[in-house]
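A, B and C label the chains in the order they appear, each numbered from 1.
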Amino acid sequence: MKQSFSDISLNTNGEGFTNITSNIESWISQMRFDTGILLLSIKHTSCSLLINENADPRVLDDLSRFMKAIVPEEGIPRIFPNERRQPYNHAEEGPDDMPAHIRTALTATSIGLSIEKRTIVLGSWQGVYLWEHRYSNHVRKVRLHAIGDFS
Amino acid sequence: MKQSFSDISLNTNGEGFTNITSNIESWISQMRFDTGILLLSIKHTSCSLLINENADPRVLDDLSRFMKAIVPEEGIPRIFPNERRQPYNHAEEGPDDMPAHIRTALTATSIGLSIEKRTIVLGSWQGVYLWEHRYSNHVRKVRLHAIGDFS
Amino acid sequence: MKQSFSDISLNTNGEGFTNITSNIESWISQMRFDTGILLLSIKHTSCSLLINENADPRVLDDLSRFMKAIVPEEGIPRIFPNERRQPYNHAEEGPDDMPAHIRTALTATSIGLSIEKRTIVLGSWQGVYLWEHRYSNHVRKVRLHAIGDFS
């Protein structure tokens, strides 16, 4: 049993999803990591890691529309009719910044993957995604830390 | 230090919760896994893993009612009064499918457990649940991957 | 490769955030844990673990206000205009208890951290927080389980 770790960099192109399944499997192959646990950790507070459907792209579109509705740019949602609408107080970094922190808190920033025979053990319809919550392009770093058997 | 892994299958009975704590502890016992980290990963995109209260069943009922309210079948929620209500675009697989993907994104698909003396280290009121988000019955697979000391 | 584990206790002071980054790093140093994976698990069902921004405290305030709005004490949110407002059925333990269970379900109860040279691998703006969802003070236990190289 050994370990190996490094960061991988990914370019995002505004709010939305980047399928990173093959990026992770390339890293696994390069490290000669055969079987074990691989921990993914995002090094940012305004994007997330997500495992969700890899087939119909409208699933990802609907996820994105849902998240924008429930964590709106305009401020804290009014759930009950007579509530006052409240703006965010953390507003200096742009209207998409505080919603991005909240969307990150509601999703995952660290995910464990089971690796067998150099492959991520996933269901047929699962892909691993980086979910960018900011509106401009970013370079995002994901930490990969593997513990298990290498060849 | 060694590792061991396999899938376990679970039958769900429509939307709701299945307590899988004893299923996991049976697997631990069968594998003679004494102490280490156990990673659980769900191999589906419309059900989740959850650690929550194991005592009053109304906690789980309220969780379920909350999730149905916040991720409704009818489409993307209108948070602000004058917004237009938007249907989901991914609709072919039934009215419960897209909400199930969103509910999965808002909860956990991979959970790490600390195992000591063949027991999951949990608080007194914690149970490990499979949360089915679809309305019909399903067979669900959970991957278990253990790293640590075996006897 | 070895392992080490124990619980740490933390005092919370009502709903809000406690930065536990340095508590975890003290434990790492005391255990002489150099490099590996550290699993954090919360042993309660009404508080969470969170990795989010460590700079502007208004980010945490906005997170807290958002969570109170979306998971209100008053009962299940009405998303569509003509819905009936529904109280929680699990109400005996106080008006903040059921919302706390839901807020826990929407956030993380187990987080994996990559450790290198006795330091948590985090981005510049990331801190690790215990998020208390109850309104009174509590003593909270977090399980730490490390697998990797010790010195």
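Annotations for the structure displayed:
As a convention for this text, a residue touches a chain if its C-beta (ideal position, glycine included) is under 8 Å from a C-beta of that chain, and two chains touch if they have at least 3 such contacts.
Being a predicted model, the structure only gives us computed values, none of them experimental.
Chain A maps onto chain B through a rotation of 120 degrees [Cα fit, steps of 5, range 0 to 180].
The two sequence copies chain A and chain C touch through a face in which the numbers common to both fall below half of the numbers used overall.
For the pair chain A and chain C, the distance between C-alpha centroids works out to 19 Å.
Touching two or more other chains at once are residues 1, 37, 70, 77-78, 106, 108, 111-112, 147 of chain A. The part of chain B that touches chain C in the complex is made up of residues 1, 35-37, 50-53, 56, 58-59, 61-63, 65-66, 69-70, 72, 74, 77-79, 85, 106-108, 111-114, 116, 121-123, 125-126, 147-149.
Residue ranges of chain C in contact with chain B, taken from their complex: 1-3, 5, 37, 39, 41-45, 70-71, 76-81, 83, 86, 88-90, 98, 101-102, 104-106, 108-112, 141, 143, 145, 147.
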